[in-house]
Amino acid sequence: MRIGVLTGGGDCPGLNAVIRGVVRKGINAHGHEFFGFRHGWAGVINNEGVDLTLDSTRGILHRGGTILGSSRTNVYKVEDGLNKVKAAMEANNLDALIPIGGEDTLGVAGRLHEDGIPVVGVPKTIDNDLAATDFTFGFQTAVQIATDAIDRLHTTAESHNRVLVCEVMGRHAGWLAVYSGLAGGADVILIPERPFDIDEVVDHLKRRHDRGATFSIVVVAEGATPKDGGLLTQYETKDAFGHVRLGGIGSMLERQIEEKTGFESRTTILGHIQRGGTPLAFDRVLGSRFGVAAVDAITEGNYGKMAALRGTAIEMVPLAEALAEPKLVDAELYETAAVFFG
Amino acid sequence: MRIGVLTGGGDCPGLNAVIRGVVRKGINAHGHEFFGFRHGWAGVINNEGVDLTLDSTRGILHRGGTILGSSRTNVYKVEDGLNKVKAAMEANNLDALIPIGGEDTLGVAGRLHEDGIPVVGVPKTIDNDLAATDFTFGFQTAVQIATDAIDRLHTTAESHNRVLVCEVMGRHAGWLAVYSGLAGGADVILIPERPFDIDEVVDHLKRRHDRGATFSIVVVAEGATPKDGGLLTQYETKDAFGHVRLGGIGSMLERQIEEKTGFESRTTILGHIQRGGTPLAFDRVLGSRFGVAAVDAITEGNYGKMAALRGTAIEMVPLAEALAEPKLVDAELYETAAVFFG
Amino acid sequence: MRIGVLTGGGDCPGLNAVIRGVVRKGINAHGHEFFGFRHGWAGVINNEGVDLTLDSTRGILHRGGTILGSSRTNVYKVEDGLNKVKAAMEANNLDALIPIGGEDTLGVAGRLHEDGIPVVGVPKTIDNDLAATDFTFGFQTAVQIATDAIDRLHTTAESHNRVLVCEVMGRHAGWLAVYSGLAGGADVILIPERPFDIDEVVDHLKRRHDRGATFSIVVVAEGATPKDGGLLTQYETKDAFGHVRLGGIGSMLERQIEEKTGFESRTTILGHIQRGGTPLAFDRVLGSRFGVAAVDAITEGNYGKMAALRGTAIEMVPLAEALAEPKLVDAELYETAAVFFG
Amino acid sequence: MRIGVLTGGGDCPGLNAVIRGVVRKGINAHGHEFFGFRHGWAGVINNEGVDLTLDSTRGILHRGGTILGSSRTNVYKVEDGLNKVKAAMEANNLDALIPIGGEDTLGVAGRLHEDGIPVVGVPKTIDNDLAATDFTFGFQTAVQIATDAIDRLHTTAESHNRVLVCEVMGRHAGWLAVYSGLAGGADVILIPERPFDIDEVVDHLKRRHDRGATFSIVVVAEGATPKDGGLLTQYETKDAFGHVRLGGIGSMLERQIEEKTGFESRTTILGHIQRGGTPLAFDRVLGSRFGVAAVDAITEGNYGKMAALRGTAIEMVPLAEALAEPKLVDAELYETAAVFFG
């Protein structure tokens, strides 16, 4: 077989492990050939890419990013998109596609499958909010980066009697906040799944300090919102030069906490460093296993599926399942984290 | 309730996370009190320990080792051991025990349970070879330390056209070798579960070099053995001063590979650095969850069990289950790693 | 002798190494006693502190922050400040003081020396902008944290064809930006010492992309300013929820670059993670040596001095020298970094 | 000009930073061309190499090892070596050479200079034992790797009441042992410069334990020797399988300490992981500056020199100076480290 591979959506540590897994298992065990489209679906639409070989996938396992590049192009929002996909596959003699990506990329994959294109997907999101799999690759790396940052903030908070707010990724699900907050010893964790009451947060921090604590760490997912469901109130902060900085949820919290408690507060927004760089061993292994499983499924004609981790096993599950409701933080895990808020 | 806690056996990153989890959930949610025995079962036998409080378990989450100390003492090999345990429990008004440890420590726990002592265990082994749980805490940290080392060896191997042998822990099971070898891009992985033929190893390395490779990485578990099942042949090596060093499996491999291929070879034995230091976020979370689950089980009178990870959930399983056959590396995982030996 | 120790100003990795060095050398070699004031000069003013012993300074070498706490209190801005210092010294039977801190803390130290208080200082700034010493402790740790972040941003920039702006600390001097930018392979480095022309920055990025580059990394010190010397123009950005975020120099650059080049751009502001956490070996060694040298100087009655690194030697220099003009980035270093902007 | 570049000797983090610095400054500022010989002097002798361009030196700054490969070939031990060097330079139209390497590589460079070949060297040794420069690149990275390992050993030593011996590199000079031992809080540091008396070591450890310490960390350079100057007595150890392991200085210490104190002891030999992998920012900056300075010197016809760090400046010093006596650990630094042995 000759198979097209592409990576779509935001960056995520472990993408190269998947590509390497697909190509090496495909060539060594099945005798396939591979064509890598550049920049996700955009490269399919524009028929831009390069052959993927044992040589071109050597030495990439530990590298962040994706050697294929990425984009957020959606085939079905491009005029005549489906036919362009078919044309690109024909032009490159491709029998099947392995798209690696998140909700959007796999959404396209699902529709292509319905439209008769042989496709097997690999799920990718550092947010870990896919119901079909226990974990997505890249998530543990992001958790570790955030935890390392919280560890660093901890010593400063302790030494300077401060409330330090750390804003991590997670628009719809708080997995990253809960994992890194639990691992980093956070005193408050705020997540999208649980709209918060700022007065409860403030009371909690005051009680901590009344009991003798001299500092607190607050971990907040970027998508966390106040309980009243209203628009996020934005607060101005001033930087070292007196210039106004207007922030999101992290800065809003910082300002409200400082105003309502009198404790000096500071915010750190981790941003894109959570998405890049060398993946943890966990994600290299998971990415490699996903890649191997995907190309095995393609070989068996097991189309319309994606690779998933279930316990310690890799299983193939319907793409549709991955595209169902996002997986939200479960109560047991959040309650475990909350044990340590005291 | 008043509960005794102890840690036994070799060091393992995440022990303090378990202790903290037990104590905080126990005090905050259940109103228990805790007594920490020093140095594992030795501290129970000698009635040596200290109360564990919210204060004494603060700031320990990210610290390696165990604040309680450890030992390899076995209650049932001490004269009148059982009665000494009962005496220590009575002396400290203890209603139950939470031992945290490996096969030996939990083996004692299992027998104490049979002898009527209320006990709930937490499994600990960096070898990950317990059948009852998907993962043990500390394992991912050990994998990451080994992978970081292999990453470093990689650049030297490349630059100097060498075969580098990396000996990692794992006496009976090769989990650490397979995970770190897969994550580190090893060209050969040798594990106890699969006795190896040195000539096959040598042939494989020669074929690699014939195809253009200029270096190779061999990851070997300390418990891997040659196929003929005979005694491990030991080889002498000489250090920079001409002094003889007589090594185990890693050095034996180095010598045989160098002799039979002519490729310059070197061995690194990672040793105790795999067991110590700050745990990864993964293991802090897993350890915390195990601790919380264990004290919940004690509270419910769910004795004779130990905490286990099943998929993403923590479950309580019978201690006897943990003490059954060790969990060996499964075929799928090893075959996935072998995809990349080419 | 009985000596008071205090730490003032912002957090900096290595403070505990200094404290440990002072106390251990002082006790073991000179037979001194030590009293640690809490929260910098505030603890002196309020006579708040604790004895420092071999035991209380054990196990702190690798820990970030300061076991003494810190503040920004200035003795000479407190009513009757000098007399309160004298009173606190008398109350605790202190013969001399060792303040560890930056410009402000050492400024107070210099005036106390003039006012007859026996004092020896240790310089602290992660900005490395003290003329009297080759390096300050904490700087290399901050450089490494920033470099690790830039390494992570690099892979994302490459994979997504972006300009990534990384804002690092440095209000008056660009040492951290130049070191981390040079180490991280930055394509543009903007520092306070060299006001920039946004059009030159934009032209440089365009030329890079014209020559085939698909991404760029811009490292900017928080204190860098546009050439026209005018007020920093502030730009609004919108976050994932459409909320306005108003940023400083990093966000301003991001917006202008995106507008003027059409390249997708993103900003990361590293913030407080540059100041906290475990120090690099370099800073543990430098902090330890500074501490040892300071207590030796106190013992010899060599007052009014501070410890400084000159080449590989620790020397004592007049406090006044440390308080002279800040050390700005020298031309050779910046030009070396600029070699790699191509 | 057209300039040959090569890297010789053992691996060292930062080699690629030097190559990149030489090539980028040479092309961008001076318009030179570059030819990279493979495998050190062997590639010159065999005229094996490849052009070095802006493209071929892209993305290598953070990578360990050397893209040119290395060897230990000595030109003057090869028959007709000098003429082969001349022939290779002529064949590739080279005007000058920039060898990057240690004592042996630069020794050849010095003799080539005397024999009329235009040459400028860059010093390389992770041992830091070159008198002509304050620091060599790669040293701080090796120190950090060793310190990270000692940090990990610390928690295990504490938890298990052990003496842990950590053997680091350093055959003739103990810089790495003193820096990592000081940074890691070692209780004993043994270096080649100071032959030790095993009974003094043992007495010191006993006194520590008598005063209440429950563990100790011993850092030993591979070249440290007992005071009597006799041959290193070798001791057998047994591994987990009962197989004899015969070790060098680390194992010898472990056995003698265990025998003479009764404290359980273990050895870790860090080996090649100290030489490989991504360089610290410090070494990337130093390597880049060395490379830039070397190509500037070549351009100015300032031959027979090598780059050196003096304080914060890069200076060119005669190759002969680098080849004089090795730089041994100075008394002040060792005594500072010894402050903390208590």
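Labels for the chains are A, B, C and D, by order of writing; each one numbers its residues from 1.
Here is the rule we go by: a contact is a pair of C-beta atoms (placed from the backbone, for glycine too) under 8 Å apart; a residue touches a chain by one contact, two chains touch by 3 or more.
Everything quoted here is computed from the prediction, not taken from an experiment.
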Shared interface partners, meaning chains that touch subunit B and subunit D: none
Of all other chains, the one whose Cα centre sits farthest from subunit D: A
Whole-Å separation of chain centres (CA-atom averages), subunit A against subunit C: 33
Rounded Å distance, subunit A centre to subunit B centre (Cα mean): 29
CA centroid of subunit A to CA centroid of subunit D, Å: 40
Overlap residues in subunit C, where contacts from two or more other chains coincide: 151
Touching residues on subunit A, where the partner in the complex is subunit B: 20-21, 24-25, 28-29, 54, 59, 61-62, 134-135, 140, 143-144, 146-147, 151, 179-180, 182-185, 278, 280-282, 284-285, 288-289, 292, 310-314, 330, 332-333, 336, 339-340, 342
Of all residues in subunit C, those that touch subunit A in their complex: 7, 10-11, 15, 39, 63-66, 69-71, 145, 148-149, 151-156, 158-161, 164, 171, 214, 222-223, 232, 234, 236, 239-241, 243-248, 251, 266-269, 271-273, 275-277
